[in-house]
Structure formats: C-alpha cells, structure tokens
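Next up, some structures in structure tokens.
Look for chain A in each of the two complexes below; its partner is chain B in the first and chain C in the second.
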Partner chain A sequence: MVKSTSKDAQDLFRSLHSAYSATPTNLKIIDMYVVFAVFTALIQVAYMALVGSFPFNSFLSGVLSCVGTAVLAVCLRIQVNKENKEFKGLGFAGEFDSRQYALVLLGLVHRDCELGMGINWSLFPTANTIN
Partner chain B sequence: MGAKKASPDLLNSSFSFKSLKLKTKQQELLLRVSILGLVYVLAFIARLFSVLRYESMIHEFDPYFNYRTTLYLTEKGFYEFWNWFDSESWYPLGRIIGGTLYPGLMVTAALIYWTLRFLRFFVHIREVCVLTAPFFASNTTIVAYFFGKEIWDTGAGLVAAALIAICPGYISRSVAGSYDNEAVAIFALLLTFYLFVKAVKTGSLSWALGSAFGYFYMVSAWGGYVFIINLVPLYVLVLLITGRYSMRLYVAYNCMYILGMLLAMQIRFVGFQHVQSGEHMGAMGVFLLMQVFYFLDWVKYQLNDTKLFQTFLRITVTSAILVGGIALGVGTASGYISPWTGRFYSLLDPTYAKDHIPIIASVSEHQPTAWSSFMFDYHILLFLFPAGLYFCFKRLSDATIFIVMYGLTSLYFAGVMVRLILVATPAVCLISAIAVSATVKNLTSLLRTKQKVPQTGSTKGVGSSKSSSKVTLDQSQPFQKNGAIALLVGVFYLLSRYAIHCTWVTSEAYSSPSIVLAARGAHGNRIIFDDYREAYYWLRQNTPTDAKVMSWWDYGYQITAMGNRTVIVDNNTWNNTHIATVGRAMSSYEDEAYDIMRSLDVNYVLVVFGGVTGYSSDDINKFLWMVRIGGGVYPVIKEPDYLVNGEFRVDKGASPKMLNCLMYKLCYYRFGELVTEYGKPTGYDRARGVEIGNKDIKLEHLEEAYTTSNWIVRIYRVKPPTNRL
Partner chain C sequence: EANMMNLSRSVALISLFLLPLLSFSFSVDNPTDRRVLVLLDDLSLKSSHSIFFSTLKSRGFDLDFKLADDSKLALQRYGQYLYDGLIIFAPSTERFGGALDSKSIADFVDSGRDLILSADTSASDLIRGIALECGVDFDEDSSAMVIDHSSFSLSDGDHTLIAADDLVKSDVILGKTKIEAPVLFRGVAHSLNPTNNLVLKVLSASPSAYSANPSSKLSSPPQLTGSAISLVSVMQARNNARVVISGSLQLFSDRLFRSGVQKAGSPNKYEKSGNEQFATELSKWVFHERGHLKAGSLVHHRVGETDEPAIYRIKDDLEFSVEILEWSGRSWEPYVADDLQVQFYMMSPYVLKTLSTDKKGMFHTSFKVPDVYGVFQFKVEYEKLGYTTLSLSKQIPVRPYRHNEYERFIPTAYPYYGACFTTMAGFFVFSFVYLYHK
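After this line comes the complex of A and B, so read on.
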C-alpha cells in the first residue's frame, strides 16, 4: 500500500515536472515571481508568530501587499497565456498597464496601512507628527 | 436604411425638419440621451417637495449629526476631522467621532462644497448637504441604466433608470434634506455591483480595479457594506458550483477582494474587521477556496491524465479542508474571530433582538416589514419582480445570475427589517425593468411583423406575453395585432398608475421633515408647529455655554447641532449603560432621579410632550422603552411597576409609580390647569385620549425653564442643592 502510494507520488511528480517544463519562458518568470511573493508573505507570518503582532497594521499591510502582488501576477499570467482563449488579443503590454495601476494603488495603500494613519498624509504636506 | 445626413448649408436653405434626417443609429442615440437626461432631472426634482413646502433644512435626527460633522470638516479641515474627539456628547465620556463614523458622506459633501466655491459659487454648506441626496439619486439612475444594459439590453436599462428615479422605496431615504449615509451608499452599492459584473464579464483588471474603488467608497459611506462583502463571495460560490467559472472570474474576484480589503481597512471605524470579524470570513473563505480550486484546475490541465490527477486531488482537497477547518475552529474558539454582531445577527434570527438587546428592538425602522409597506414602496414592481425573474432564468448568464441573487437575498432582508427595503429597491427595479422591457419588445415586434404564409410552427398566441419564440403571425389567431395593442395599452396604463402612485406617496408620506410638523386648522389653513427648533434655539441663547442637557437619546444629535450644548446621550447609542442610566433617571421618583442627575452634572432636562397637540411620538409613548432599557441594566426598575393589569395608563387608574415618576411629572407639570379640547375636562391628554390622573404636580428639585408655544418641548432647570450657589 505504501509502495503504491509512493510510486503514485513519484509518477505524479514526474508527469507534473514534464508538463511544466513545456510552458513558455515568460510564464515561468511570472511563476517564479509568484512563488517569491508567497514566500515573502510566509516569512512575514512566521516572523509575526515569533515576535508578536504589534503593530498589527504594519503586519497586515506587509502580508496583504505580498499576497496582492502574487495575485496580480497570477492575473497577469492568466491574461497573457496564449492558451486561454478568452483573453485573445490583449497581449503583454495592454494588461501590463492595468496591472501597473493596480500595483501603484497597492503600494500606496500599503504605505498608508503601514503608517496606520488612514488616507496617506504624505500626499498632503502638513506639519504634523506621524503617529 | 438610407437617409441623408443634415445638410451642411443649413443656414442658407430654409430650415425644415425634413432636411435633418438622421440615420437610425443617430436617432436611437438621440432618443436614449434625451430620455436619460429627462430621467436625471426627474429623479432630482421629485425629491424636492419638502424644500418647496417648508424650507431648505435638514430633516429628522441622524442627518443633524452628519451636518454637524460636515460643518466641522469644512471649517477645520480634514486632519482635525479625522482625529476629532468630541466632548460635547456622551458627557462625561465623550465620543471619538473621527474613529466611529463613516466619512464617505461628509467628505463627498465637503468636496462638492469646495468645488462650488472654487467655481465661485459661494453657497452655504447646509444647502449642499440638503441637496446631496437628490443629486446622488440622479447619479444612481445613470448607473442603473448601464447596469440594465449589461444585464439585458438598452431598453431594459432605460426602463430601470426610469423606475428607480421615482421608486418610493428609494425616495424615502433620499429626499432633499435627508442627509444620511444611505443617500450616497445606494449609489456606491449599485456602482460596485455594476463594476464587478463588468469585471466578471470582460475579465479585465481595470474593471476589477474600478470595482475595488467602488467597494472602498461603499465602505466609507455605510455600514451596509457587509452586504456586498457577503453577496459577492456567495455569487462567486454559486458560479463555481454551477460550473460557470472561468479565468475571468478569478481575475475579477481576486483583484477586487485583495485591493478592496486593503482599501477598506483605511477607514478607522472598520479597522481590522476584514480579517477578524465573523461577518467577513465568508469572503476570505471563498478567496482561499478559489485559489485551491483554480490550482487544481491548472494541475488537471497540466497533467492530462485522470488517474494521477485523482490522487493529487485527494491529497490536496483533504489537506486544504483540514487546514481551513482547523484555522476557522481555532480562530472562533479563541475569540480572535469575533462572532456576528447583534445588529447583523438579528437579520438572520429576527427574534434575537427582542429578547436580548432591547435597544435594537426599540428602533422603529428595525421592525419587520408588513405587506402594506411592500405595496406602498413598490406598487406594480411587486408583481413585475417574479415576471422579471422568469425572464432572467430564461436567459441565464453571469450577469443575470448576479441580479437574481441580489434580488432574492435583498428581498429576504427587506422582509426582516423595514429599513432594508432601500437595499432591495435597485434589484427590484432592475428585474422589473427586464420584465417590462422584454414584454413591450415582444408585443411591439408582434405589431411590426407583416403577414406571413401560415406555418405549422406555433406561437403561444398573444395571450401569453411571456413568449419569446420567433414571432410569426398564426393565421388561426386573426386578432393577434389587436390583442397586442390592447396589451400594450394595458402596460402603459400600469406604468402611468405607477408614476401617479409614486408622486402621491412622495408628496404625502416621505416629504415631511419630522422636525417641523404641520396640521390643518379648523378653517383648512395650514398650521406649522416649529416647536423643536424654537426649544433648541432657546437653549442656545439662554443657557450658559457649558450647560449639560439630559434628554432621551432620540434628540441628542439635534440638541448638539442646533442647541450647541453638551448632551448626556445621543442617537449613536454606543453605550447601553449610559442610556440605561438616563432611562433609570426618567423612570424613578424625583429624589432618586435628582441624585442620578447630580452625579451626571446635569443642568437642564428636556422632554417632548404631545398632550396639547395630539402629537403621538412623544416621550410618554416612548416611556416603556425607557423602562425596558433601564431595567435591562438596573434591576431596580421593573416594568410591571408601571403597568396596571399589563396595560399602560396615565389616567386615574394608573399605577402610583407611574403617576409620580420624573417623566410623568415633567410632562404633565401645570398641564392639569389647561383646557385642551372643547367640552373635555382640564388636563385632557389629546395624544392618549384620557384625562390625566395626577393633576396637582409639585416639583422639588427642578424648575420649569421653558415650554414651547404648543407645549411640545419642555425644558426644566435642575436646581443646585440648597446652601450652594
């Protein structure tokens, strides 16, 4: 029983590996980026488990922005993948622009969350202390 | 369809409409734009009844708080507003206003105000506040048009815009002067839904971004955003289950959820609820489920081999469910994920509030809805809704599934709580618009077909307006055209009755400012009772600036906004014990009440009394709620003490505790000498219809400071203890 499951697992692994190596290179780059982002998020969670969750908003902003970039990268991969018939003719450049806006927004919100101030104040120059 | 364009030398040739022949597409566009323009104006002016009849003022209770905060925002700027701690309400506790409100409405009104000032229109902020709601109602009709176009076609969009412009369910909370969160929130709700449906349809990141922004606007505007954060995941779940999922759904939901969640956490009042509260866990669960689901889908596609995939599937699914279950269990058990709060839990279990939280049960707009309310607010839309559902099911697509789910869930909640009829209104209007548009389209195409050779294929005949089969004239039914004309006339008659009903309802029922009352005099002339404002202005001008006023929580916002004095409790009702203390003071004998009032530093007491005018929403009628809420925290107050045989009475047969409690004394002080109605004895209470029991009232620790001209509002001063200044 154990032997068959381990053989199954090996078969699984091998066929996955062979299928995956057939994907085009630009998609593989995106995949590596996704893995990197998820890995960073996991490191942050582990760090929080060690050190404690204060200040919570910094933790949340860090984790969620990592998850956010991962998700947006996956969206990009989906839209760029030629095998997805629903996204004909969008091409790399068109959706990349939308993704840039999304990422800029993500970055702004991340900064805002991290500083815990609600509606980012560095955009409005005022002489007040950051709390 | 050949037609000439407008000739270029129009000025030279004689101007005749014949030379302005436009192509069909241009004609259609002109028609659509003009209809939308008319609907836009209609939505705005239908809400202006109270401005024309009374004056441009803020209505009711909650809008006064919103007005006060908007005033503060425009005067002091955004930073002061965001960090405002108010010591003028909930004395001596104070209230963190910056962190406990939804800023969307105030910021919107302030932005409009600043824009107008930039364009050199120097209007007062109150005018902007009064007209914000009608303005956003007009914008909602435009969004409804685009949404209808998305779900069905442009015809349905136009009908939806027209229906929602005058639907009483929406008008009730968005008349001019009703400066409340819902005015902006319904616009944000519909906008978010429209952008999300567009995102699912096109799979484009830009639309998903737009819907995240729409969601952020909704979170900033109203606590009802919980409806969106639960309906959208439910919709995604339904699509996954029915097998309609695709990559577009993945892109749309993920982008909206992550970005929307991050944006929503910028509002301090919402804070970290998106990761900590039980009401938001559904969205997160669906998010994780989607990741697993699409990952499995991708692996399946990669593998191309079912046997191996089955093993993989087994491993992943079991581990995912295990991990998810453990996380949820640990989170809920340890209390990290808070359970559903009382307000939303009572939507799922309507009997919960009555037994456990009397303060939620006492609000009149939280009561379950009667059928008459449904008929009053929806009229013909009530039976057009099921017809529209039928059409939606005939042509199922991602968009129609969404609107069906929105309609059914919102109607359920509308049945539980009167206030939520507002949330159901856009769905009901859209679905009814589909019914109307499809019916009219079928009937008119029947009218336009020429006689064809008799076919064996059957139509269902003109009698069934639900037929959408190919329209050919069946020779065996020679009066089809006449039947179609008759039905069309019927449809137009119904729609015209709807318009008449809506106008009548708006004029009679939903345009009263609540703070100014009107009645017909004996000769048919209109009498205005402006007692509330009279009393607040008396307070403003005749009391020391640091005076503290105790009243029931209904009037708190108005006293701070117009009277500019510190209050003990107000409509925010965030502290039940404080309100119970006030309730206890109102229902105790004068000596005990005096001790409580001294401990709270109360200088003035304000009560509302309707015995002279017959005004029935006064404090005596609300008294039992004061007793219940007070008794909920202080067991010394027992409700049966104030009742006689389970009955609430104020005449001679009333219980002695009732006849001598503070509220009774303050309301009926000197009332025993007054003749209110011809032929009745002195001290006849017109609101209860009885002669009061205790006419000879003496006050020991308070003295009468002011009674308004119709005795509606009465203010008493708390005397300092003897031997003190």
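After this line comes the complex of A and C, so read on.
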C-alpha cells in the first residue's frame, strides 16, 4: 500500500510537471514573479516572528506591497491567459497599462507606510511615535 | 552771619552724603545685626558680664542697655523695628515694661530678628513662656537646678556647677577652633521636643545629670535626666531668625569666663574655662556673622548654548548652575561645599544631582532631561546644620518630540525597506522581461 501511494505521488507530480511545461512562456514569467513576491512576503513574516512587530507599520507596508503586487500579477495572468474566454478585446496594452497604474498607486501607499508615516504624520501620531 | 550760613549748608550737604552710610539695621546685603537691645533685671549685670558685652561692642554692635521693667521699652516705632537683635538677661522678670510682652517678642523673631534668652537658677513664667514659643521646655519645677555628681567642677561644693563638654559638632555654630576646656554652667535644665527639627542642643548635659532641687531630698525620681537635658539650645526659624536659649546666666558672667576648670574625675586642669570662647562664637552665629548664605539666580541652558530656553525637549542635554555666597561677617565670600544638590522636580524628583563647585561660589552640573514631559522645576533645597536654609526654584516646561524629531529610519525595519525596494526592482525587471521576451 505504501509503495503504491508513493508511486501515485510520483505519478501525480510528473503529470503536473508535464502539464505545467505546456503553459506559454509569458504566463510562466508572471508565475515566477508571483512566486518571488510571495517569497519576499514570507521572509518578512518570518523576520517579524523573530524580532517582534516593532515597527508594525513598516512590516505591514513591506508585506502588503509584496502581497499586493502578487495579487495584481495574478490578475494580469488571468486577463492575459488565452484560455479564458471572457477577457477578449481589451488588447495586450490595455491590461498592462491598467496594471501599471495600479502598481504605481500601490507603490505610493507602500512608501508612505515604510518611510515613517509620511502624510499620516501630520494628521495623527501612530503607535510608533510614542516611545 | 555768612559763616554761619555756610557752615549750616555744608553740614546739610555732608549729612546728605552720609545718610546712606548710616544704615541702622541689617539688610539683605549686610545680614549682620547692628542695633541690639539688652534687657537686664539688674543694672549690675552690666559690670558682672562686662567681658561678654565688650566683645560684642568691639565687633561693632550697638548695645542699648535697659532695665526689663523700664516703662519706655519698645521694639517698634511707627511700624519700623528699632533693633535687629534682643538679648534678654532678665530671668526673674515677671512682666516687661512698656510695650514689650511675650507676643511682641514672638513677632520680633517672626520678623527675622535674633534673640538671646537666658534663664538662671530661677526662671519666671514670662521667660518660660518665651522659651516655649521657641520650642524649648524649661523644667516645670521652679526650684530645680541641674545637678551632676560626676561632671561637676571641682571648685564647687554642691555639684551644681557643671563642667560640660558635650558640645554640638558644628564649625558654623561654634567656630573652627575646638573648645578645649569644659564650659561651666549653673542653672536650670530644659528639654527639646524630639520631633521639632528647628531646635538643636548646643551644650548637652552628661548622662549622669538630672534636674532637681539641690537643697531638698529627692522624693521621687527626677523627670529630666541625662542627655535629654539641654543646657544651651539654639533655634533657627524657617525665616532664618536665630534664637539662643541658655539655662544659665552665669555662663556669660565675667567670673566664669575667667575661672579655671577641672572636671571631677579628670586629670586635666584648664587655666581658663571654655565659657568665653563658647559665648563669643555662639554670639557670632546668632547675630548672623557666620553661616549666612545667599544665592544668586539659577541659570540653566542647553549644552552648547548660553541663552536660557523657554522650553526643553525630552532627552535634551542641559547645564545648570547657581551662585552661592557666604557672609563672612564683613563681606560676601564664595561658599564652598560638596553637598549641595539640585532636583529636577515634578511632584517628585526625576533627577537628583550633587552640584560640583569651582570654589569661587559657582555650583554647576549637567544632566539629560528625563523622558517625561510636563512642567518641571529646578529645585535647590539646602538645610545644613547651622546654615540658613536655601529654598530656590525655577519653573521650566518640557515638551515631547515634534513629529519631525523622531529618527528618520528605524534600524529594525531595514529588512522591510529592503523588501520594498526589491519588489520595485523585481517589478521593473519583470515588466522588461514580460514585454520584450520572445
């Protein structure tokens, strides 16, 4: 029984691998980027687990910017994937431009968080301003 | 006639110039007393205590001798005090003449003026009442005297002439030179309330002394015994007025000043008792010739600046200094001490530092403002034995960090900053790769 399950697992893995190799290159590039972004987010979570959550806002900005860019990359992949029937006619440039715009906004918000509260500073002191 | 006119005009002119110099009382710049009223119940005291009075006169005091029941006695006229100091050598007076009574004497001390009060083998209720106002309790038994069977002077027969050497250890009150010979004392005992921190025993009785009637047999154990008996005490009021209360008038007399001393049981024989030195040094202290401090203003500023800021920020480095001078009897000298402290105080001292001195009267220190914001005070509270009390304070607010005074980049967050930048770089690279791959 054990031998058959391991053989099943191996068969499963091989079939997944072969199916994945068939995907187009541009999708693979997006997948790599998603993995990179999620990996960066996971590293930050591990670091926070080690040293504690100070400064929490920096942690949030780091993690959420990584996760956000991963999510937007996934959206791009869905739109670009030719096997999805409902996304026709937008044209190649449209999806990418809208994604870029979203990413610029994301970067702005994230930079606010990481570099010490920025616009928020003058409105109200966050937890990190009280020592 | 012209000569007379010129003379009177020149006299008027000269007196106009001399007027500021004729300061008849003590002032802030010159705290030693000038005019002293001496109340005696018997004018023969002038001659029997002449050495004491002449040492006072030789130091510049203006002594005014009056009988205690003189009907023209007055301490004030038109609201101004006529005298800076009062010596009451009238132990048997029941009532003062003129405008004097125990209340007016209490007001006299309350105004910051000094008093020497002495009882003798008897003390009237009036004298006891004045002493009680100053925190000193004479023995209730009016016939009791201090008797000591082991510390008496060998020249006396009935052990009432005490040879006391238990002096308070204070260079301010008793002078730098140690009083070698014992001090002769014959008089009544008094005690001090132990919770009263304004009075102090200058000359205490030995542990074998007690207060009882020397001519009658003791029927019950005496109430006042041992070192609880004080022979001479001083009081420094909160307004720095000084009072000396002695149980013996004979202590100040010429006879005891000149007599030799040998304490019973001790082989040392002294040619001259310690009385004259004791009385002289004590009179220097009580009339503010010694131990009188004056403080200049408190100066504080940030390290590296010279102006005093209106507000400090938490964790600022600041420097604090104050100038303290001591009156030498003739001039203001720099005060030298190593136990002056400053507090940075808001309901309780957050910082307490001992000030260091440059021996020229300036005391300084520096410290970091604590991590608490609020309205603080620099406080110097100095109460050293025998010196005037210093109570100085200066208020200063302390504010927290402004929003742009925090550290710009937090070192713990460097990985997060790094993650953001790698995400940006990654996106840049990805967009190139994605758009231009083939």
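FYI, the second predicted complex is superposed on the first by the 115 of 131 C-alpha atoms of A that agree within 3 Å, B and C clash if a C-alpha of one lies under 4 Å from a C-alpha of the other, contacts with A are read in each partner's own complex, and residues count from 1 in each chain.
Throughout what follows, a contact is a pair of C-beta atoms (placed from the backbone, for glycine too) under 8 Å apart; a residue touches a chain by one contact, two chains touch by 3 or more.
All values reported here derive from a predicted model rather than from experimental measurement.
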{"item": "Clash or fit (per the criteria above) of chain B with chain C on chain A", "value": "fit"}
{"item": "Touching partner for A:Ser61 - first (chain B), second (chain C), both, neither", "value": "both"}
{"item": "Touching partner for A:Gln44 - first (chain B), second (chain C), both, neither", "value": "second"}
{"item": "Which superposed partner A:Tyr20 touches (first chain B, second chain C, both, neither)", "value": "first"}
{"item": "Touched partner set for A:Val74, first chain B, second chain C, both or neither", "value": "first"}
{"item": "Closest approach of chain C to chain B (Cα atoms, Å)", "value": "9"}
{"item": "Doubly contacted chain A residues - partners chain C and chain B", "value": "61, 65, 110, 121, 128"}
{"item": "Interfacial residue positions of chain C with respect to chain A in the complex", "value": "371, 401, 403-404, 406, 408-410, 412-413, 415-417, 419-420, 422-424, 426-427, 430-431, 433-435, 437"}
{"item": "Residues of chain A defined as touching chain C within the complex", "value": "25-26, 29-30, 32-33, 36-37, 40-41, 43-44, 47, 51, 54-55, 58-59, 61-63, 65-66, 69, 73, 96, 100, 103, 107, 110-111, 114-116, 121-122, 125, 128-129, 131"}
{"item": "Chain A-facing residues of chain B, complex", "value": "78-79, 82, 203-206, 209, 212, 246-248, 250-251, 254-255, 258-259, 261-263, 265-268, 272, 275, 299, 302-305, 308, 311-312"}
{"item": "Of chain A, residues touching chain B in the complex", "value": "5, 8-9, 11-12, 15-16, 19-20, 56-57, 60-61, 64-65, 67-68, 71-72, 74-75, 78-79, 84, 86-87, 95, 98-99, 101-102, 105-106, 109-110, 112-113, 118-119, 121, 124, 126, 128"}
